[in-house]
Amino acid sequence: MMSSFLFRAMDARAGIFMAILGAAIVLVPAGNLLVPETSPFHVPTYAVTLMGKYLTYALLALAVDLVWGYCGILSLGHAAFFALGGYAMGMYLMRQIGTRGVYGDPILPDFMVFLNWQELPWYWYGFDMFWFAALMVVLVPGLLAFIFGWFAFRSRVTGVYLSIITQALTYALLLAFFRNDMGFGGNNGLTDFKDLLGFDIQADTTRAGLFAASGLALVVCFLICRALTRSKLGKVLVAVRDAESRTRFLGYRVEHYKLFVWTLSAMMAGIAGALYVPQVGIINPGEFAPANSIEVVIWVAIGGRGTLVGAVIGAVLVNFAKTWFTAALPEIWLFALGGLFVFVTLFLPKGIVGTFSQGWTALRQRKISAAYEAGSDEPPTAPPHSPGAPANVTIPKPSAPVSGAAEPQPAE
Amino acid sequence: MSLVRTFILLFGLIAGFSVNIAIAQTDPESLRPLVNELAKGKYAETEKQIGALVATGDPAVAPALEALGAGVLFYRKSDGSVFITEKAGKTYKLTDPLTLEAKGEAGKREVKKIKVNNKLRRVIRAALGSLTLMAPDPEVRKTAAEAVFKARDPDSIEALDIALASETDESVQLIMEQARAAAVLNSDMDEAQKINAIETLSEMGNRDALSLLINVQSSSEGVVRDAATIAVEKIEKSIAAWDSAQNIWYGLSLGSVLLLAAIGLAITFGVMGVINMAHGEMVMIGAYTTFVVQELIRTSAPGLFEYSLFIALPLAFLASGLVGIAIERGVIRWLYGRPLETLLATWGISLILQQAVRSIFGPTNREVGNPDWMSGAFELGQMTITYNRMWIIVFAMLVFAGLMLVLKKTSFGLNTRAVTQNRRMAASMGIRTPWVDALTFGLGSGIAGIAGVALSQIDNVSPNLGQGYIIDSFMVVVFGGVGNLWGTLVGAMTLGVVNKFLEPYAGAVLGKIFVLVFIILFIQKRPRGLFALKGRAVEA
Amino acid sequence: MARSTSLLYLDGVSVSFDGFKALNELSLTIAPGEMRAIIGPNGAGKTTMMDVITGKTQPDSGEIYFNGAVDLTGEDEASIAELGIGRKFQKPTVFESHTIWDNLELALKAPRGPFSTLFHVITGAEKKRIEVLLDLIRLGGKRNELAANLSHGQKQWLEIGMLLAQDPKLLLVDEPAAGMTDAETAETAELLKDIAKDHSVVVVEHDMVFVRSLGVKVTVLHEGSVLAEGSLDHVSADERVVEVYLGR
């Protein structure tokens, strides 16, 4: 059962993707650690960290694609799960500082000493152990998502309303984490980390290791998402996305399905956050900003929603562009990003990968149908179709005038 | 004691200056003989002379009396004229006691101090008190009485009594009575007097009276204490009521800000079903329009500054409205029926608009001035009401009423509602639906623009202005029920008031978090908001 | 008919939306194996009746029982569907991003929980069943095409096929002939008669020719309650029915 489940995850496209990612996981750290600095193939440490950061973003985008691309839940609050995972990791890293902090307190992190706290708040207990922190990295975002989703999906909050309350959720957390008495370092967040599992966090080897870990996490999560979306469950998710009430009338409990992927997705976002924090060396409430969540959505949209690979490509491309622009033309970056939002929604509604594979599928389909009509007695076998990508007919051409198909939603 | 003297002196001086000008026009030197009289005779005579000065009722004599009390009033032996002196090494600097002009210096031997004893000092103090308390300007009298209230000096009772006898201004009279009551409670007068005083204070009913009475309560015994206890309870009750009223007022004020920010959204989101994430930037454009208008006025027609907001209103409406129409025609119309895509595209537009404003006007806050009629505050009972908040509430209501009128009474409104309810039918009846879409969107955006004019008066005008409002605005619209302007009104006011009532208990930030959590839970309960439309059609 | 022997039993069901009574003390009984046509002018409450039976709308008052014993009020769409009531919408709704095959596979009777679908592997029996259904609805050649590419009539048929895949005891079919050509309409009537052999079916339809071709008992709804019941000829002769349909 399990093997067939995982076997389903593989096909040509997934294979290529995994091969590239696998190569990166091996080559980038090798290029950093083994190749001498004088060689043109040497990868500088800052680049390793930067790419590691991109990979965690890619994982976050993957999580968003799972719920948005396949289940139609547009989350404008996924950065909240990302940040919560990050905070869980940050708390572990804080506890590892020990007496090396500015105030040298063996238990209390610096900011607590600074605020004159006498003892560690109860919710900081256990974070000195890595396994506990690692568990919290998935449990805390997962639990929040579960509770939130339990209420939201059961009362059938959908579409834009859901998007808006996810945004309110992350906004509320943003405000909460800014408060000093929450015990998470307030405005400044958690920083000045020293080591992770005993390895110096600044060391090249640790950096390379974190890069590899991010890549591995991405591969594993990609495989899980891939297997999941190609299972019957994945088909149900797409059914929910396209015709929710029809799915209900078929006897599927839509809220259970939504809750399942929503929670899973939040956990993935939490893992992404946990890998992000040691690489950038800080986690602060700014990560909860609603703008961050929306930006993730645009990575997915650019890469192609409902394609998984697209989410990863989109995240890496946009962030690469961001790094380049903010260094070279900081004034232009917001124009470019804003323009990208508009351009993609208007002219590239299926994103890069979606547009490519649409052409590919259409080509294959034509060949198969032609062969069938030409008298082949073998009915065509299932062509590679991507249930994630929305059906052809639903894309109105941007140049078409407003027609019956493109009506404003009635006031609801 | 010294505090009250400083106060009285201060106000006496102010009064003195203002009166000097008046005297200069009539008879500047009429007081001088009386002042010079002070140099003659013994204590008993000095007391009479002081009485004579007070009897003039002219505050111009206050500096002389003050100097006499302080022991710095001297007379020149050569001609008997009187000066206020200040020791400067071996000589004295002379100052004219009436005009307060410098009159050169004099050697130690040329002048002599006018002596006073303790009794005289008391007389002088009372005289000074009654002098300012009897100043011709009611504002001066009022301030003097307030100073007495703060100082609670029993010695000023006499002066107050004199002043009260001749006081004609009712509001000043009231303050004097309260000041007298405060002084009485601090004196050793009999119980009946004190109980009377407590009554006066209990009618006053504000925090000053409360703290005074609490003081009395703890320091006295018997009947007085009982009376004070009753009075304290009464005041506490009334203050609690006023506090609630003030909270409601703050809440309504916050609610109107929310209403202003959200009402444009209620049209674009509620009526048209378009999620406009750039809505906050429409508000921002309105605020920057105000800034530009004020800049132009400052450089070319400073006289118009008081009217700058009225000039900015139509311009802001046009500016934001045109940008809105451009967005609708350029982007949104291709995305009808795809609300999530609209959300993303308009978010992109909001980034572009923010960056554009940042590039043009710079990233820092811009100064938008308040016209005079928008600044200041007045008291209503125990509440402080600032003019800018009050006008914003009024303005929000006007905007709401105006919008209702447009939607219910004009043919444009009729068309909008028709298109909202049944697009195809409306189109086949000859309504040009694309036009209606564009204009409705323009209307919603324009209203956001004029909201920006109002918000520029109470918030920082910066490129981030809009971001601060967008989430709150969505909350209001969703809470109130989409597609229902009344719902938006009730939603904004409810959220405003709830927020302000939570603030004292939870703090501003936590209060806001509670409100957000409340809305999140509320939407679970009623996914379509407070005033949702029911029925088969809306399920779709 | 007594509740215990009925398949579907509605008694005194009322629903109102903001004061408008969509259903008014509606009572209706369907026997096991019966096929029933329900007609009525616009706004008679036909779709609301379907909504109430399938759990989309909760009734304000009244009783709804399935199989004589199962109370349907308070149950949601999914559990009612699981009990064995299938529904076809007025406007054909199929999963447009899925192939015809996947549409049928999703509808096929099988455990509906997320974990059972996650690890579900299609069995030979299931494949066979889908093949049978594909033949029945004549979409065998298009099995790998996206449902979005089907014509209106084909979507109607696919939806009926999905309904059958659910293997329900009772089928609620809302205007199956809407938007079909005459030939298609006739074929649809044949298909429904076929289905009615081993299922109970409730058909809501406007098209009198279609209803006549079904040749079953007819219930006329008007303003949320039953106006007349009997054979088509019987109800056509009823003066009140004529009045409702033709106006006074």
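As written, the chain order gives the labels A, B and C, with residue 1 at the start of each chain.
Keep this in mind: contacts are C-beta pairs under 8 Å (C-beta built on N, C-alpha and C of every residue); 3 or more make two chains touch, one makes a residue touch a chain.
Everything numeric in this text was worked out from a predicted model, so none of it was measured.
Distance from per-chain Cα centroids to the pooled protein Cα centroid is smallest for A.
Centroid distances from subunit B, each centroid being the mean of CA atoms, peak for C. For the pair subunit A and subunit B, the distance between C-alpha centroids works out to 49 Å. One finds 67 Å separating the Cα centroids of subunit B and subunit C.
With centres defined as mean CA coordinates, subunit C is found 42 Å away from subunit A. Residue positions of subunit B touching 2 or more other chains, listed in rising order: 533.
Shown for subunit A are the residues that touch two or more other chains, of which there are none. Residues of subunit C in contact with at least two other chains: 56.
Remark: subunit B residues 270-275, 277, 331, 333-345, 347-352, 354-356, 358-359, 420-421, 423-424, 433-434, 437, 467, 471, 474-475, 478, 482-483, 509-510, 512-513, 516-517, 519-521, 523-525, 527-528, 533, 537-538, 540 touch subunit A in the complex.
Chain contact summary for the complex, subunit A toward subunit B: residues 74, 148, 151-152, 154-161, 163-165, 167-169, 171-172, 175-176, 178-179, 290-291, 294, 297-298, 301, 331, 334-335, 337-342, 344-346, 349, 396, 398, 402, 404-412. Looking at the complex, you find that subunit C touches subunit A at residues 54, 56, 76-79, 81-82, 86-87, 89, 93-99, 101-102, 105-107, 112-114, 117-122, 140-141, 143-149, 162, 166. Those residues of subunit A whose C-beta lies close enough to touch subunit C in the complex are 1-2, 4-5, 228, 231-233, 235-236, 238-239, 241-243, 245-254, 256-257, 260, 365, 368, 372, 379-380, 382-383, 385, 387-394.
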